[in-house]
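Report on one structure; see the data block that follows.
For clarity, chains are labelled A, B and C in written order, and residue numbers in each chain start from 1.
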Amino acid sequence: MLSPAILIPAIINGLLIGAIYALVALGLTLIYGVLHIINFAHGALLSAALFAAFFAFRLLGLDPYVAVFLLAPAFFALGYALQRFLIGPASHGDDRNMLLVTLGIAIIIENALLYAFRADTRTIDVPYAFQTIDFGFTFLAVPRVVGFCAVFAVALALWVIMTFTDTGRAIRAVAKEKLGAQLAGIDVAHVYAVTFGLGTACVAIAACLLIPTYYVNPRVGDAFVLVAFTIVVLGGMGSVPGALVGALLIGVAESLSGLFLGESLGQIGIFLIFIVVLLVRPSGLFGARA
Amino acid sequence: MAEPLLAVNDVTCRFGGLLAVNAASLAAQAGQITALIGPNGAGKTTLFSIISGFVRASQGSVYFAGQEVTGEPPHRLARRGIARTFQIVQPFVGLSVRENILVGAHLHHRKRDAALAAADQVGHDIGLGEMLDRPADALTVVGRKRLELARALATEPKLLLLDEVLAGLNPSEIRDIVPVIRDFCRRGITILMIEHVMQAVMSLAEHVFVLAEGRIIAQGSPAKVVADPLVVEAYLGRGAAAKLGAQHGS
Amino acid sequence: MRSLFPIAAVLAVLAVVPFVVHSNVTLNFLVVALMIALAGQGWNILGGYGGQYSFGHAAFFGTGAYVTAILQVRYGVNAWFGFAAGIAAAAALGGVLGALVFRSGLRGSYFALVTLAFAEVLRIIASVTPVTGAGVGILIQLDLGIRTLQFQSRAAFYWIILALVGVSLVIARLIERSRFGAWLMAVRENEDAARALGVDASTVKTVAMTISAAITAAAGCFYAQYFLFVDSGIAYGTWISVEALLTPIIGGVGTVFGPLLGALVVKTLGEGAKLLAGDAPGLDLIIYGAVLVLIIWIIPRGLIGGLANARKLLMRRTGPATSIGEARHG
């Protein structure tokens, strides 16, 4: 069990899966860092994005790696609208209310998917789904490698946006000091909505990267997002490097515990890490005090 | 000099790399009004938070009524008789004025009827008698300050920590609240107040400590402290000492 | 005692229902609604009065259901004792969890997350361990009789759940008028200000969680007796976590009758949805989600809270006239 020939691919696969987790976690941590709320609708949005990618393939014949260029902006717009016209107004600025509103939206989206498409699991067939690349010491699945590279590209793009654009600067200002930003003339509602949109776009990209090898049903997003919550808490709420590092760690942990403990117990491992981190060090590895 | 009711000894507090409070020592004599002044960001509220148990000091000790209370949580300090108000008023918004004060009264009155009676008494004493049934968020700024005082008073404290209770009030509102504070003293409550409003400090306080950049730089009677050049420098108010001196004299 | 009169009146009216309504379908609907109201009242103690929003109350519902089922099926324990044991087990769980979580200082979103994760962990464990029947679940043998707490007539079950709901209403009322309740509500409004006034916030919240767990567990124990089948999805599924929080929020957080009213509204909406659009899965939950968002948007204090607001607005016009003994109505 412990021979390098088995361990190393398990670790590398863990890293690759971790990258996708990272993308989902990034959206979550971005939203938390700026709006200071935990977006309970994140999972449902991931499920919705997976369905969108599925139908883009089935109905429009779009390969997921192409569909992403359509779905990312579409989901950005969806996220923007959700925050600007629904979550923001409905919560009246109260954190507890925001929790409930995002929960309500999650329930609506997930069950709308259930109602419209039933609970059957769907998959798509793309030619490269099971192709592998030979890296010399091991073979790695094509979709996973593409996913890994794509996530770093997205993280880089986000960094560029945050550092060099006006919008990015406004977002950072609001994250640091909302009242001050308001006084400086920044439209906070707009910034919140843009941030939510970016978080949702991350989820859409993650869906397109996942769908070649993963399955689609209304509950899938939930499972993914609980892992993303764990990552965000582990890495530190609101910390982008935390989300990336945390995701890679969790991906490896999941891969290794799947190796040693089997499928369902591996899941518990993640939750237990989650609960322990929350109890012992809620600020996570990189985060500021909550 | 009798043993002070409150003694803060060499308290230091670090936030990350920042020294918010640096070996600060002060004392409040029983039955007196003591003031803690200093420029913004000096660390006054941090010191209050340490005394009232909300923040842990990295070093140093706090003694109350002769016993060490360093590091005890706020609710236990409240039971000992230390009450505090907050710089930004924190009323229980969803409850009525009476219910707000009731929470304080319950500290020493277990049964609801007795606590309600005590709360009503305090409410009337503070001047909120007419507003007792109204929701707390219907109060004006002055009303909320009174409520903050009423709640603290209901806990029957021996020491009351007032954190800039006069901030944001206009001169006539200040004139209304100052007698309330003096009345506390008459009831035998010791007061330690953070204040920026100098006229109040001069007219209320018997002893003043000055905190600048986390350090106590001066202490003494208001007149003496205000004339101290170190203090003047800390506030960067050239000529302020002379101005206040002239006002106080007239 | 005078303050318990409204509760007695409501219970009296509801108690008469089985004499008037004979349709099993309607009685079944009411039994389920009352069961959800009970679960919701549990959530209400911690969330409504205490302001701590749990997203995983299924943890307590399911523990009550499983403990009572397991004790009866695997250990031949008497159903009444099993019921009590289920409540006690969940209360202990609530106390331990509360002590852990609140002493760590977890609040708000973090608290919601922990409770969610905790319920999910329990669900996964229950779905694989043999003692809970793993994937298959536990079936309680049909054996009518008082000793086994199983009855032929729905009316009997109706009165039992009504009695339990009644007890929960009384508990809520007693809390409202006690020192513990004043402290709990202070913690909800502003925890730091409460602490400065002598409130031991962590302990108060933990006690609230224990009581909350016990009440919601009673609903779970009842479920096991009524439906005679429990599995991990039923016991620890998100459906009950959602319904337990939905009913007080809609009916009125932090009020005695909120969960009861909310349960009746929510269940009626659910039935209405089924009538209109057939039995497609998910439709009733879509409506629940939409109602949740709408209530938070328009009447955040729930139906009863909204009524209280309207009443206060009217009272202000005609002048206040309350006595010392009545700090707050409703």
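As a working rule, a contact is a pair of C-beta atoms (placed from the backbone, for glycine too) under 8 Å apart; a residue touches a chain by one contact, two chains touch by 3 or more.
Everything numeric here is computed off the predicted structure, so don't read it as measured data.
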Smallest number of contact steps required from chain A to reach chain B: 2
Pair joined by more contacting C-beta pairs (A-C or B-C): A-C
Distance from chain B to chain A - Cα centre to Cα centre, in angstrom: 47
Whole-Å separation of chain centres (CA-atom averages), chain A against chain C: 33
Geometric centre distance via CA averages, chain C-chain B, whole Å: 43
Residue ranges of chain B in contact with chain C within the complex: 52, 54, 73-76, 78-79, 83-84, 86, 90-96, 98-99, 102-104, 106-107, 110-113, 115-117, 120, 133-135, 151-152, 154-155
Complex interface listing, chain C residues touching chain B: 177-179, 182-183, 185-186, 188-190, 192-201, 254, 312, 320, 322, 324-325, 327-328
Chain C contact footprint on chain A (complex, rising order): 37-38, 40, 86, 89-92, 94-97, 99-101, 103-108, 110-115, 118-119, 218, 226, 229-230, 233, 264-265, 267-268, 271-272, 274-275, 278-280, 282, 290
Complex contacts: residues of chain C adjacent to chain A: 51, 53, 55, 100-101, 104-106, 108-110, 112-114, 116-118, 120-121, 124-125, 127-128, 242, 245, 249, 280-283, 285-286, 288-290, 292-293, 296-297, 300
